[in-house]
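Structure in structure tokens, see below.
As written, the chain order gives the labels A, B, C and D, with residue 1 at the start of each chain.
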């Protein structure tokens, strides 16, 4: 299983802060996790400004996700 | 009369913080005030890094000094 | 290097005064940025600000950029405090303090930390206005700290 | 715009907290430089620092550069406090605080004020060291706020 978290406007669109997904052995890309999450939630999340993190680090959508990882999707940050 | 003030290392070299000088009618340059002050004090003040102010404003040594003005000589500033 | 991500308010100078003396021995000065909640935005009065963050990743990112600042600039130490939760206008949101021997490095590093924090630390602001709540969207102009007017989608606003 | 030239110590954040609220309405942040007495110089330990100034001209110069900063940068207001007299290591010497809507202007203006203050405000520092007292001489490297090592006559020192 991987732990998928959503933050801010992405969290509000999907309606929950986190879901758990089973992923194929050998790992998937972040983009594939996003597609799986969209299917699970029934909400499209494709967004030019969507960002992703794996295990608390910023990653690109081509990044690889392994079983047990924590993946997060969120809009561009606006702190400071 | 003009009021001539000295600060920091310049004050210490000349031995006093201020002197009063009579100047010719029509005004003199700052450079001429310096020469007069050196004569009065008996101490050479020529120094590549000497700065001057007239009436509380930075001026060049070519600046004109009128009767009643306050002229100051000091080394490069080191505040901050 | 100290990082604090907290809900509570903070007093910037008390935080600096309390900074471990040994960590900043030899400093000739400090540069501190303090960011506060404004009472207006591009389009509306701001009644309050809600800040969401990503616990764990936030601290990690702030540590990462602090370490990066320490590598790139000749500084002695740095402090970052960032709040989350419910904030009122004029409340402090963030402070970044940098100590150095020579002031140029502190200015450079403080600015670097603010610039990078704004693009990498996982915080999201939501403005509470008389017309309702809305997420603050990333603004490249704001991000660059531009003091010139600039516009961006989707709110297509201009800062005057 | 507030300028204070004083012998007494000051608390930077108390000064900022006491700043007239109306003067800084609309500020989104502030940048503050605080300069302190170091306990070492290029060549010796520093036991104390004596700062001489030119009463009248000092205030006038600080007002002039504050007005110049307000003209050149999109800032809301600025505060400069500079001490004179006898100071001990770690004592505050100077603070410059700048409030602005967007942080870039506050960073630029604060740095500008420190750079210009160091070359134009009539203050002179004298270091008290175990070997005696000596006037601090103007150092172009220090003046530029250089974080690189640099040397200059007559003391021909290097900041490491």
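Criterion: contacts are C-beta pairs under 8 Å (C-beta built on N, C-alpha and C of every residue); 3 or more make two chains touch, one makes a residue touch a chain.
Just so it is clear, the model here is predicted, and its values are computed rather than measured.
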Exercise. Farthest chain from chain C, comparing Cα centres?
Worked result: B
Problem set entry | Chain centre separation in whole Å, for chain D relative to chain B (CA means) | 26
Seminar exercise, completed: For the pair chain A and chain D, the C-alpha centroid-to-centroid distance in angstrom is 48
Exercise. Counting only residues that touch at least 2 other chains, which ones in chain D make the list?
Worked result: 35, 114
For this session: Any two chains that touch count here, so list every such pair.
Result: A-C, B-D, C-D
Exercise. Of all residues in chain C, which touch chain D in the complex?
Worked result: 11-14, 16, 26-36, 38-40, 73-74, 100-108, 110-111, 114, 142, 144-147, 159
Exercise. Which of the residues in chain A come into contact with chain C in the complex?
Worked result: 5, 7-9, 11, 49, 53, 56-58, 72, 74-80
Exercise. Okay, in this complex, where on chain D does chain B touch?
Worked result: 35, 51-54, 56-57, 60-61, 82, 93-94, 114, 117-126, 135-138
